[in-house]
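As written, the chain order gives the labels A, B, C and D, with residue 1 at the start of each chain.
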Amino acid sequence: MIEAVTRFDSFENANIHRGLYDLSSTATKRYEQIRTKVAHFLGTENSNTVAFTKGTTESINIVAQSYLSKKIMPGDNVITTIMEHHANFIPWQVLTQTHHAELRIVPIDPHGNLDMNKLRALIDSKTKLVAINHISNTLGTVNPIEDIIAMAHKKNIPVLIDAAQSISHCALSLDQMEYDFLAFSGHKMFAPFGVGILQVAEKHLGEVLPYNVGGGMIREVTNERTTFRDFPFNLEAGTANISGVIGLGAAIDYIGSLDKTDVSNHIRDLTDYCVATLNTVPEINVVGSPSGRSGIVSFTVTDIHPHDVASFLNQDQIAVRAGTHCTQPLLASLGLGATIRASFSIYNTRDDIDQLKASLIALIKFWS
Amino acid sequence: MTKEELEILYKSKIIPASKEPYHFEKHAQANTVIEAYNPICGDKYQLYLDMSEGVVQSAYFHGFGCAISKASTSILARKVEGKRLEEVVALGDTFIASLTGITPMDFDDECLKILNELKNFDGRVDCIKSSWEAITHHLKEEQWK
Amino acid sequence: MIEAVTRFDSFENANIHRGLYDLSSTATKRYEQIRTKVAHFLGTENSNTVAFTKGTTESINIVAQSYLSKKIMPGDNVITTIMEHHANFIPWQVLTQTHHAELRIVPIDPHGNLDMNKLRALIDSKTKLVAINHISNTLGTVNPIEDIIAMAHKKNIPVLIDAAQSISHCALSLDQMEYDFLAFSGHKMFAPFGVGILQVAEKHLGEVLPYNVGGGMIREVTNERTTFRDFPFNLEAGTANISGVIGLGAAIDYIGSLDKTDVSNHIRDLTDYCVATLNTVPEINVVGSPSGRSGIVSFTVTDIHPHDVASFLNQDQIAVRAGTHCTQPLLASLGLGATIRASFSIYNTRDDIDQLKASLIALIKFWS
Amino acid sequence: MTKEELEILYKSKIIPASKEPYHFEKHAQANTVIEAYNPICGDKYQLYLDMSEGVVQSAYFHGFGCAISKASTSILARKVEGKRLEEVVALGDTFIASLTGITPMDFDDECLKILNELKNFDGRVDCIKSSWEAITHHLKEEQWK
């Protein structure tokens, strides 16, 4: 990935969709090839369903402002869940507030699974969108997306999937799901920061209006009015993060080269092993015990603040994160101020988890 | 493509076809008028077709664009005359597909072949494609009516 | 610049403002140092006036949506000019249309200078913003920004400067101007694509509301409501384009290392030499003859379409751009479909211009 | 900082001060209550000051935060008691400036010195700063009234 980006920055640095000089036409071509690559990765031939964005956050904001805000009426509602990242929570909170609509928040059960009965009860004829993450970035819970999509589609309600955490788990068959909107970020799949994807189902392509306006996304501009290009080009105003997109292309090649089942098994194994290992230490409290969990384990240590834990682990070269993980509503509902979060990718091994445990035990001893 | 090859293509076909394009005039009485607009550069042509009994009886065009797009549209006008609607759509689909480089085309036609050779030239594929896409798209919609 | 970005991508790749592990805290520190660097470059000590964006286009859209849309009333007006890039034209057109306000467009005189008398006549008590580019990206005209700011401020009207084309011309003393909003892109100053700046004068800091909402820009989120951080952090939702920002920092170091007067003289010299050289060829028509022109010359060639000219020049390794340069209103007002545009940076020499002329003469002969 | 040095700092000052913080209780009758909120982590303390005749007569605090922020706030509470409003503001300004690394501080005080040494530790400077910023900011506004 880094090689792909550097090569671009050094030799091929040129604006796309603008001039017609050689460099630029090469850049345009690569850019559009990567759009096709992303489409194939997501299981469709239609590359015009794929828009490049800044990341998950921008993708979701676009759906809120450029799609849903034109449709939502006072009294309507949007359904999201208590376990969402702020990126898939605040846009709906702000949208429903400004449109005098209602934000309905699906709770979790005591294990950290989504409460599907509550979800069923909350969906009604006034529901305009269900917005849900595929994998919780704090609990690691893998949500039953197919069931949720089926439930919503029965009532003709579109579903947005925040796939930020699942996009690198190619085995989760995102490419076979019938979601309406899909959002994810490049940096969660080994691509650079500041690039992401919004994919829109064909039937909604005409309903996503421009977001930023400016160069590159117009058909014609006169003093009096502007006509815009179609999706996805109507979203891509201004100069794109080209090296980000090229890095994203390289990342998809890399992920595509892995054996889906191997990756999935490896990450599940690490996750289960981590939970089991941490559970052997009485001072360590693993947060939640969802029936499906993948890649992420949150925990706390009795009497030591999560940030202190993380700082000491970092001294031992163990990279964990402490904090609310941009899921304040979730933590508040669990009565927690913060957690420590371990997350696993294909690079990790069981050894890493053994070291994590050893460091934690040493810290607990040091602290007491 | 070397600069020399390019110059030969331009000299032999593109410049002549763009300097003296086929049926380059407004043809107000045509029963079908199609706009071919290239948003990348803002160039625009009107295609004037006279259709009867499912056949393109005559094709004219007018507007402003580069030498490539003018040559391409000129060739288009000449090629579609006398063809049935379905034949035009089929030709358009095949030609457009040949420009993506994925589906090759059997070119018995010299002019189409030259246009196709320019597909990799300096990002100008939209210049070649624009009018072809407009007519194919329009006639497909016509077929569904 | 490329070196700085690669180093970051390889060794320091970590999210900012999030976790508290070592990598991440290094990234945050560098990110904030670059904010300070940008502030100093723009002549202020207050780094909290500087927000990182995707580029000029996003910066201007933010001012339109997150600042002006809350203030503009039916019957108000926004002033822009006929020579703006679409990025500084369409946002105001869309905003005034949706708010039943008026877009007032300052014309140019026959030389391509802004018509200052018309501008004076158009500003009135209903004017809510003057949005203008510093250097026209099509004509190269350098606008008398100080005069315009003085004129607007006399009536307490804020001024937005689109500095996309002038930011690399450090001699133009942007850092001494009293603008209210400044927008530019990194890629115009040798930084990567997809990163830019919105700078806001201190007195307006509290008036720029969030744009995208999500992680990283909040104070507190509950189920019921969210409170946001202050500018500029309220704008920086989601994961930033960190390597873009780091590249921007390196670009500023580079530009800062140049002698301002040298750069300015060199570019002026090339611009004048280009105009004089092209004017010796009867078939070449230079567009406009503004009294100040810097770095950009647009022209057409009789009977040859600008894109054909550009393609042939590119064959000779001369990188020019053909098209409307995202300034359709300007070209329409000049009765032109497109132009060829030569633009100059510190890398260019008079030789380049002699070659440009030779190639053009050869093409004209070939074509006839 | 090596891990060993860090452990010494924590062991000698941070952990004790955070386990038995000075005046760690809600002090409802205080005439000045200041919230110190760190948006990076969501931690929050209430600072309870009793001020009279321009002097901080007593300082208490309560809330939730990490060991560093608790130690820092504990030290703050101890340091500001008995000081005049202007003295607290001056101390706060100097200490905060010392944390940026730009303006060094003359530390006659062991506790402040240790806090300062932690400023480069793992991005935790906001933990040290948060309460100091809150009190300094609040008292400055007070001064202007």
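Just so we're on the same page, contacts are C-beta pairs under 8 Å (C-beta built on N, C-alpha and C of every residue); 3 or more make two chains touch, one makes a residue touch a chain.
Keep in mind the model is a prediction, meaning the values are calculated, not measured.
Looking at which of C-D and A-D shares more C-beta pairs in contact, the answer is the pair A-D.
Using the mean of the Cα atoms as each chain's centre, the chain most removed from subunit C is D.
Each chain gets a centre from the mean of its Cα atoms; for subunit C and subunit D, those two points are 44 Å apart. Separation between the centroids of subunit A and subunit D, computed from CA atoms only, is 37 Å. The distance from the centre of subunit B to the centre of subunit D, each centre being the mean of the chain's C-alpha atoms, comes to 75 Å.
Remark: subunit A and subunit C have CA centroids separated by 31 Å (rounded to whole angstrom). Subunit D has residues 40-42, 122, 124 in contact with two or more other chains. Counting partner chains per residue, subunit C has residues 20-22, 24, 218, 220, 307, 310-311, 314, 322-323, 328 touching two or more of them. The touching residues of subunit D, counted against subunit A in their complex, run 3, 6-7, 10-11, 15, 40-43, 64-68, 121-122, 124, 127.
Taken in their complex, subunit A has these residues touching subunit D: 304-308, 310-311, 314-316, 322-324, 328, 331, 337-338, 366-367.
Note for the complex: subunit D touches subunit C at residues 37, 39-42, 122-124.
By the touch criterion given at the top, residues 1-2, 5-6, 9-10, 13, 15, 18-24, 54-58, 60-61, 82, 85-91, 93-94, 97, 103, 105, 185, 187, 192-195, 212-216, 218, 220-223, 225-226, 237-244, 247, 307, 310-311, 313-314, 319-323, 326, 328-329, 332 of subunit A touch subunit C in their complex.
On subunit A, the positions that touch subunit B within their shared complex are 17, 20-22, 24-25, 28-29, 218-220, 229.
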